[in-house]
Every structure is written in structure tokens, then in C-alpha cells.
Amino acid sequence: MEHIPAPAIDFISLAPALILSVFGMLVLLMDLFAGKNKNLLVFASLVGLVLAGVSAFAPKALPVVSFGGSYVVDHLSVFFTLIFVFSSALTILLSIEYNPRNGIRAGEYYALILFCTVGMILLASATDLIMIFLGIEVVSICLYVLAGIKRGDVKSNEAALKYFLLGAFATGFLVYGMTLLYGATGTTKLAGIAEVIHSGQTNSDTLLLLGTVLLIIGFGFKVASVPFHMWAPDVYEGAPSPVTAFMAVGPKAAALVAFYRVFATAIPEIGTTWDTLLMVVAVATMVIGNFGAIVQTNIKRLLAYSSISHVGYLLIAIIARNSLGGSAIAYYMMAYAFMIFGTFGIVILLGEKNSENLEIKNYAGLGVKQPAIALCMTVFMLSLGGMPPFAGFIAKFYIFGAAIKEGYVVLVVIAVLNSVVSLYYYLKIVVLMYMKDSERELELSMGPITLAVVAIAVFGTIEMGLFPDPILQLTQ
Amino acid sequence: MFGYGWLVLISPLLGFLSLSCFGKRIPRSIAGYVACATVGLSFFISLILLVHLSVLEPENRVGGVQAMYTWIDSGQFQLDFAILIDPLSVFMFLIVTGVGFFIHVYSLGYMEHDPEFKRFFAYLNLFIFSMCVLVSAADFFFLIVGWALVGLASYLLIGFWRDKPSAVLAARKAFVMNVIGDVGMLIAAFMILETFGSLSYQKVFESAPGMFLANDINVILITLFLLVGAFAKSAQLPLHTWLPDAMEGPTPVSALIHAATMVTAGVYLVARCHTLFELAPFTMYVIATVGIITATFAGTIAMVQTDIKRVIAYSTMSQLGYMFLAVGLGMFSFGMFHLMTHAFFKALLFLGAGSVIHSMNDEQDIRKMGGLAKAMPITYITFLIGSLALAGFPLTSGFFSKEAIIMASYHSAMGNIAFWALAIFTAGMTAFYSFRLFFTVFQGDSRTPDAHPHESPITMTGPLMILAFFALTAGVLGHWVDGFLSPVFGGHAEHYEDGFLETIAVLVGFGGILTAGLLYMVPSDRVAQLREVLAPIHDILFHKYYVDEIYDFLIVKPVKAISVFLEDMGEKKGVDFAVDQVGVQVREVSKYVSIWQSGRIRDYALNMVAGMALVLIFVAFL
Amino acid sequence: MELLIFYPLAGFCVLMGLGVIISSSPINSALSLIAMMMGLAGVFVLQQAHFLAILQIIVYAGAIMVLFMFVIMLLNLKSAEEDTWSIRPQNTYVSVLTGFLALGALYKIACVISQAKLDSPAAVPDDFGTVVRVGTTLFTDFVLPFEVASILLLAAMVGAVVLAKNKID
Amino acid sequence: MDGFVPLNHYLLLSATLFVIGVLGVLLRRNVIVVFMSIEIMLNAVNISLIAFDHYLNNSDGQVFSFMVMCVAAAEVSVGLAIIISMFRNKPTVNLDEFNILKW
């Protein structure tokens, strides 16, 4: 009986994921004894997230490559880890007041968010197809459950079912694509694949091509780009609001960074064909997202379409495929996290006792009744629309800058025009708040913690807009 | 050196934020004063800046960029958070905050009974802030930011009475028109960035003369796109239709935004970018031509309007046309001078009109007014001064500024007889319609017996009197303005002396006033009665009647027909129709996109596979 | 030898696969699926992947399919709920178009796939596909994915419990 | 070994089964059957993986297919739980009836 040599395990680079896994299990255990009071779980989860965030800085000299080249900690992954930790923490904070009001009592909720965060962190660092696959699956499976965690609500059920079936369907394509890529190159490591492609030693270029197509489909689904976006509006509408916010930021960022890694690291050299394709996809995504949003009457659905259009902008950075593109994605996602959590915070604040109050027309008159909240909402809407001096503007600016540097001027012009279209529906909400009188009185549920989240988000949106440099330094 | 100049911007911004965030907690009485105080502070600081600049040597007055810190720094491209303090921006500061301050005070009285008093002042402060951003921008980026912000503030203020559907519609129209302009500006900015690699005025204006020959196609394109923005904001043909509709907003708003400040932004833009425009004589010619055509066009329409505010609105368009004529001819300081005097007398006229409307219980139709002179003496006199200034009556401020432009239209390098003739013609019309308005409203007998007009409170009449003072006397500042701004424009504008032409202009002005007087001084329903009592005057009256007929046949009817035609074709079917159609079509597309989303999982899966098939085909065959 | 076994086995798998999507009763579908998985296990054996062949039977045919059966029984699904396979009339055009596109794409792929370099299997060592060989790879090169899989399964288990348990609190 | 099966044929088997799975998802209305079709797709992928492994003399693919099985198991447990929880509120397994969320 031969002995298997013990593999070297780099605990330091794994630290954030390890800490969160441990805290996830801890939360599960504590749930047994906590009874009805979930505050302890929340506290433990937040501690875990903070520790994970701190430990992300543990590796001394970046980048650290470990596990035989299947896991890398570089500036990008550290920054994304921060985004994930941050967005998970905000999700949990938003849930504290939302969950009891909407009949979500399961303590496992928090554990699932932590596990999901583990998946995202792994995904951001993964440089091996198998790791990427597993990362995506950890994230997806947690999200399927989170989307349907409002068990008594038919909408939530339907959202979970749709997300699950379509997600599993897309996973099929994704894993098939990875298989073909493996078959063509004989390795699952991104660096190895790049090497094989570079040397022209592939087993079959066709397999490579086909694999890449299927991979695009799989990733396209996960980031909700056209024509694989159709799940997004339905799932976003049906899932509980904090989960929707979470989905729009964390998992999307994780999928994007993996997408970016695959395209920038593994297959940069078969670029030119893909560029045209990705450009078409990016344009379609922006157009469909923005035009779909215009007629929406449900705020969550509107935000879903808007998030589709934002993916379109982000794809431009992937097309640019330079280092500027990577940090532009990172900056964009951070800014987007602030804006989306702020917006959803307000959506949750405006929820009533018995209904979530999601119709946009109910926002009428907010400018008079709740001037501060209306002003915050205005900031978020303007920022989402890419108006200076807010974070959304700078984020778009860097993405477009990265694209222009590579000479994609037409693409940028289309994107700018799309931003103008998007202002139409963002400003519609602002106009409604300030220009219309409310039709009925609302019994708003002004939770202090949710308010705090909104305040943090406003601060972040403005701060990142006025002083973009510090955050940008972090991403490079 | 001018670091404290930031306060000009910050003060109204703080006012806006505090009023909109804590509006509920600030008592109503204080809110108005807070708003006034912030603008007053800005005005005060602008005055200090003025003094500060005046003591400097002329060559040190330009290029005072106050950078707070570097905002964006991405390799080649750098953008600072900065304001530019030079004579031109301080000049604009003074007008914006000065006139703005008086209008704020006026609003205290005018909006006193409005339930949303605080929201109004919050928006006003936002506007002042935006306008200051616009004029103090040190680069094209913040220029556009300010450009868009004033559009936003104007939108909010036009639609301030949101229960009034016409106001909401007008607000939307103004917004869409302004967005068209903004897009033009954006394109121009992109081209500038592409050409110069920078957006800062300093760099662009320094390198431009070395980079282009005159009428280089690039510089023409850049300036033309800038013009789209300027024309949209300043309501020049063909992007003018929003301005008359914007009168749906409260009257102080019309005075501040749609007469004194925002609409002059286009003129400011041309003056600010004069380096670029001078390199494109073609564009300059376009500016002058469009300016004078707009002036004439709006003048004819103003003659037949019956809504007191619309008359003044068209007159504003017409006067803006003069300013564009001036800057188009290269007489930048004349344009700025007319901008200043216009700000005084037009704000005065609007505020006077507001005072009238206020006392007539929101009646705006001049045919129902009349004989207000006795009831409202202060308004009467100040309105008279405003009308005189607008008509270019000798020795009022309007006389000096307009005269300079009319002279330049003939004598300057680019001037010609056509410009001059149209300018003189428009001057005559201006005199006519302003006094038609004045006589109809203040002279004769009241046409609505049950109205009980009363003089407005001191918060309203005070600003009227101050503005009247300036409208009367600001003419003496002409040379000072020219001298003060000359470092920016690189030299003095030549003042042309031509006694003959000046006399013609003055005579035409008198003619206009006289005609209006003959036609409107005496209400026509008393004609028969008078004819019996005063036989000697019978002839004159008869003649008046006769003239009226001729006038009606020769001038009023054709003008009416033309203006109706223009309104039909140009406004309802042309631009407006296009704008509405864009909205409708966008919504149609949007509906299709969302109906595609059928809600059925199998359809979604089918779409995914269809998408995949498309991608495969794309890859396999392309 | 390989030829003799592979083609019938492959045919069997395809038939059973079709059976899953054609039969109107979910029970029949599930049984076909089990048969297909058994067949696939055979294909795996042909490829010398003995370890995975066993896993295929234990995990898929054994555990997963039993779960399916349980659920079908639990929901008490009737076989005939007029559920034959169908295209919604509104989707006819899209479907036909997709069909053509997909066929075109498949044809193109089939044309080029025959140019692949790998026509004969590599000479594999004796221990290829055994537990030892796969296990060694799993615990050295892929120890991280292996650990992640445990998180995945834990999350799935917790999630399934949360969603399916009868009553919370 | 005389006569061997070329890799292409394994790949074709894999592709055929994958297409069958896709067709099942597109054409069936029963949630459970759709779900089984997805399992067929995952199985099809495993065939390719193992075939590649054999032809490349490599073990990575087997580990990959091990992971695919693992994921399939996880998905099945969650998916069936979702179906059950959904069935409680709306006792049907007809996919076309789940369209509250649309447009």
C-alpha cells in the first residue's frame, strides 16, 4: 500500500474562505440553541464576515499561487473578496428587519449567505476549471435556496423553481463547455490552457471553439447577459428583497471575475473572433436591459432589468481585456454594491406591514413626506444612471476609458447612448417622488438598521464619486 | 489666491441640502430667509472677488484656476475638482447671484401663500448652485455638469405646480429640449477630448490656435456641436419652443431662469470659448445669422401675444438673438454687456408682471387688465422703466447695450446691411410690443370691474425698485464692462460711432413707442363717446381708426398668419412631434421587450437554446 | 471486442434516454433513466474508468434515482395528465428557427469534429481508473475542489432541509 | 487491442445524449421529467470527460466527473426540495402553470 504524499495546503491564502466556512457551521449549530432570537446568529455572521475581510489582507506578497496553480490570491481577488464580504454583511443587515416581517424565520438563512460568500471568494481566486465549476455551484445552490426561502409565498417558490431549473440547465452547458476545453487542451488549469493554446498544440481547434461557446453560454447565464438573461427579472422580483440585492451584486461580481479570468488568462489569443461576439452580446444586453426597464411598474423588476443593462457595461470591460479593464470591473462592482444596497434598503424601508409595496407608483409624493429618503433615492438613481459626481459616473468612466484605450470607440458611444436611455427610467422614479402627489397614505416601516444601511450606501456612493482614487488604488 | 471663491458655490448648495433634507424641521418663516441668506452670501463673496480682481494687474486677472484636488487621474487624462476665477466668471457670478438674490427676496412675498414654500426655495438654491457651477467651470466637463444641472433645476421649477398638467407637460418639453442640447455638448466634449487630449479650458485654448487653421473642419464641427447646446439652452431657432411654454412655472422662476440667467448660458458659452469660435468664422456667421433671425422671428410673435408672460418670453428670445448676433460678430463684450442690462430690465419686467399677476389674482391675459397705474404705482413706474430700457429709449441701460450691437451689425468686420436692417426692424418691433403691453396693462380703464388690484408687499416692490435703478443706470457701465472683460477676450471691442445710424435707431424706437401709444393708449370702446365730446380730436381719432385698419391689414394679419403658420409647422408638427414620437417609439420597443418575457420556464430555456444556436452559427460560419 | 460492446451499449443508452423524455408517466421516465445510467456505467468500464463506473451505479442509480422515486411517490403524480411533449403554439416560429439553427450548427460541428487528432486511446497504465489512481489525484492535485465539494454538499443539505421540512418553528 | 472505438464516437454519444436532455427540457411540461432531462445532460458530460481522460492518459477528467456527480447530487436534493415546497402552495407539476412572474 503506497502512501499518498500529503499535499501542501496554503492556509493563509485560504483564510477568508476557511473562516467563513467555520462561522457558517457555527451559525448552524448556534441556531439549534438560539431559539427564536436570531440576533446572536446575525452577530456571529457579522463577526465572521469582518474576520474574513481582515484575513483577506493576510498574504504578504501578492500574487500567491497555491494548490498547484489552481488557486491564486492577487489584488483582484483580494478586492473582490472585500466586495463579497461587504455585500454579504449588508445583506444580513438588511435582513434583520425584513425577515421577521415577511415570515422568514429560518436561522439557516444566515448560514447559507455565509456559504454562498465562501463560494464567491473561491470563485474569485479560482484559476482551475474544476474550481470555477465548484465555486459557481456552491454559489448557485445557496442562491436557489435563498430565492425560495419565503416558503409560504408562491412568488418566492416560483422564483426558486425558475432559477433552479434554468440554472441547472445552464450548468449543463457550462460544464460541457469546460469538458470540451479540457479535451482540447488536456488540462483544466487556466494557465496550462493558455500555454497549450499559445504553443498551438491543441488536440482540436474545433473542440476548443465549441467549448468556448458553451462556456460563454454558461457564464452568460450566470451574469444574466442577453440572450440568457430571461430568468433575471422573474427571479429578482420573486426573491426576498435582501436576497435580490445580494444576487445583483455578489454572485454577479463573482461570475464576472471568473469570466474575466477565463477570457483574460486562458484564452486571450483566440480573442478576435470572440470580441465581435462579445460586443454583440454586450450591446444586446445593454439595449434589452434598458428598454425592458422602461415600461416596468414593479421596482424590483425595474432594478432587475437595470442590472441586466449594467452587465452590458461590464462586458465592455471584459472585451477590453487589459489590466485597466480588470480594475474597472472591480471599481464598478464596488460602486454598484453601494448603489444597489442603498436602493434595496429604501425598497425595504418602504415596505408595509402586509405588503412589500413594490409598485413604483407608490413612490409618488415621497419627496414631500420623506424628503431625506427621497433625496437618498435620488442619489442612487442618478448614480445608477451614471451621473456625476456620484460613484456610478466614475465607474462608467473607467470602463469606457479602458475600452477607448483598446480602440472600441463605437462600443463606447453605444454604451453612452444607452446610459442616456437609462436615465429615462431612473429619472421617472425621481420625478414621481417630487412631482406627483401620493394616492394613498403609506404605513412605512422605518427600521433603524435598514436606515443605517441606506446611510452607509449614500455615503459610499458619494464618497466613491468624489474621491475615487483610494478605492482605485486598491484595485490595481 | 481665490480659494474663498468656492464659497460662492458651496453656500447655495448647503442651502439646498439643508432645505431639502431637513425641510420638515425648519420653520417656514426661517426657510425663506435661509435661502436668501445663502444666495446673499454668494453675492457678497462675488463682490469681494470683483474687488480682488480689480486691484490686480490686468494680465494677472486671467487663468485663476482654483483646484481643490485631482478628481480623476487615469494615465493620460486628468481632471481636477476646480473652479476658474477670472473676470468673465466673476462677471457672471455677479449677475447670477445678484439678480438671484433680489429674486429670492421677491419670492418671499410672491410665494408667501404657497403650501410648498420650502420646496420652492430649495429648488431655487439648487438652481443658483448649478448656475454657479456652470459659469465657474474650469473645464468642459464641469461645464456640462452645470449645463445639465441647470436644466434639471429649470425642469423642477417649471413643473413646480405639479397639479397643473400644462406645467408638467411644459417641464417635460423643456427637459427633452435641454437633453438634446446636452447631447450636442457631450459630443463636442468627446471631440475636444479626442483632439486635445484634455478637457481643461486652459490647455484647450492654449493649444487650439496652434493646431487649427481658420475654418478647419474639426474646429467647425466642435463649435457647431457646442452651438447645439448653446441654442437649446438659450432658446434659439429651431430649439426655442420650450421657452414660451416654460412660462407655466412661477413668475420669479421665469424672471430668474428664463430671462436673466440660465437662458443666457449659451451666450456665455460662446464668449467663454471665443478662442475656438474665432477659429471658425463659419460658425460665427451661423451664430450671427441664427441670432438675428431669432430676434426678428420672436419679435413678430411677441407683437400678437395676449398672455403677459408670453409677450415677455418672446421678447427674451428676441433679446437673446441680439446677444448671439453680438458674439457672432466677434463683439463678445457687447454681448456680455447686453446680457447684463437685459438681466436687469428683463428680470424687472418679469417681476413687475408677477406683481401684476399677483394682484389680479393670477390673471395673465392682458386684454382683461388695464388701468392698473393708479392701484399699483410702484409697479407702474418700475414697469415703465423696464419697458423703456427694453425699447432702447435713450439713456436707459438698454439703449447703450443695444445701440452698440446695432452699430456693430453694420460696421464690424462681419457686419452687413441685412443684419443691420433686421436689427433695426426688430428694435422697432421691440419698442412697439413692449409699450403695447405697458399701455394695455397700466393705462385706460380696468376691463375686469370686479378685480381689486392692490400694490404688492415691500418684499416684492423692493427688488423691483432696485432692479429698476439698475435698469435705468447700468448703461454707464458699458466701458467698464468692456475694460474689465478685455483680459479674457484679449482686447477691447471697438465701439463704432455713426451719428446717422444712431439717429435712425433712436427714431425707429420712438416710432415703435408712438405707434403703440396711438393704438393702445385709448381704449377703443370709448372711441365713439370721445368723438362726440371732443370734436377737434375727432380727426386724430379718425386717423387712428384708419391706421388701425391699415395696420391690421398690412401688419397684424400677415404677421398673425405667419406666426400661426410657424407655430403649426415649426412647433407642433416639427420638433415637438419628433420629440413626442421618440418617446412613443421607445415605449413601444420597451413593451415588446417585456412581452418577450412570457413567464414560462420552457420559453426561457428555448430562448437560451436559440441564443446558443445563434452563437454557434455565428462562430461556425463567420 | 470494444467495438462489439460499445455500439450496442451506446444504442441502448440513447434509447433509454429517449425513453425518459418520451414516456408519459414520470415513473417510466425514472426507470428509463436508471437503465440509461446503468448503460453509461458500462461505457465507463469500457473506458477503463472502473472507479467512476461504480460511483455511477452507487451515487446516480442508487441514491439520486431513489430520491426521484420518493418524490414522485410523495407527490402522487398521475401518469396521464395529458402531458405529452408539446410546443406552445406561440413558440412555433422560434422553435422551428431554433431547430434549423441548431441542426445547421450540429452539421457544421460534425463536419469538423472528425479532424480531431485523437483517434486512438493513449497507452494507459494498468492502474488507470482505479480507486488508487483517481484517489491519489483527488487528494493531491485536487484536494481543494474536494474540500469545496464538502461545503457544497453541506449547503445543499441545509438548503434542502430548510425548504422541504414541514414546519419551521 | 485490435479494433478500438475512435474518440469521436464517444463524443458523438455524449453529444447525442446531451441533445436528448436539452430536448427533454424544452419539450416536457412535467417538472420532474424536466429535471431528469437535466440529469441526462450532466451524465452526457461525464461520458466526454472520461473518454478524454482515457485518450489523454490523464486522471483530471475523472476527478472532474466525480465533481460533476457530486454537484448533480447536490442539485437533486435542493431541486426536489424546491419542488416539494412549491407543491405545497400550488399542487401541480405542470411547468406552464408557473407564470405569475412575467413581463
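Letters A, B, C and D mark the chains in the order given here, with residues in each chain numbered from 1 onward.
One rule holds in what follows: a contact is a pair of C-beta atoms (placed from the backbone, for glycine too) under 8 Å apart; a residue touches a chain by one contact, two chains touch by 3 or more.
Keep in mind that this is a model prediction, so the values were computed, not measured.
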Any chain that touches subunit D and subunit B: A, C
Pair with more cross-chain C-beta pairs in contact, given A-B and C-D: C-D
Closest chain to the centre of mass proxy, which here is the mean CA position: A
Distance from subunit B to subunit A - Cα centre to Cα centre, in angstrom: 46
For subunit C paired with subunit D, centre-to-centre distance based on mean C-alpha positions, whole Å: 5
Rounded Å distance, subunit B centre to subunit C centre (Cα mean): 72
Mean-CA-position distance for subunit C and subunit A (Å): 30
Subunit C, residues touching no fewer than two other chains: 88, 95, 109, 113, 116, 118, 136, 141-142, 145, 149, 152, 155-156, 159-163
Interface hub residues of subunit D, defined as touching at least two other chains: 11, 21-22, 25-27, 29, 34-35, 51, 56, 60, 63, 67, 71, 74-75, 78, 81-83, 85, 95-96, 98-102
Sites on subunit A at which at least two other chains make contact: 130, 134, 137, 141, 144-145, 148, 151, 160-162, 165, 169, 203, 210, 233-234
Arrangement of touching chains [line / ring / star / complete / other]: complete
Subunit C to subunit D touching residues, read off their complex: 1-3, 6, 10, 13-14, 17-18, 20-21, 26, 29-30, 33, 36-37, 40, 43-44, 46-49, 51-52, 55-56, 59-60, 63-64, 67-68, 71-72, 74-75, 77, 81, 83, 85-88, 95, 106, 110, 113-114, 116, 118-125, 128-129, 133-134, 136-138, 141-142, 145, 149, 152-153, 155-157, 159-164
List of subunit A residues in touch with subunit B within their complex: 161-162, 165-166, 169-170, 173, 209-210, 213-214, 216-217, 220-221, 226-228, 230-231, 233-234, 273, 276-277, 280, 288, 291-296, 324, 367-368, 371-372, 375, 387-389, 394, 397-398, 401, 416, 420-421, 424, 434-437, 466, 468-469
Subunit C residues within the subunit A interface of the complex: 109, 112-113, 115-118, 132, 135-136, 139-145, 148-149, 151-152, 154-156, 158-163, 168-169
Of all residues in subunit A, those that touch subunit D in their complex: 129-130, 133-134, 137, 141, 144-145, 148, 151-155, 157-162, 164-165, 168-169, 171-172, 175-176, 178-180, 182-183, 186-188, 203, 233-235, 237-238
Subunit D-touching residues of subunit B, taken from the complex the two chains share: 594-595, 597-602, 605-606, 609
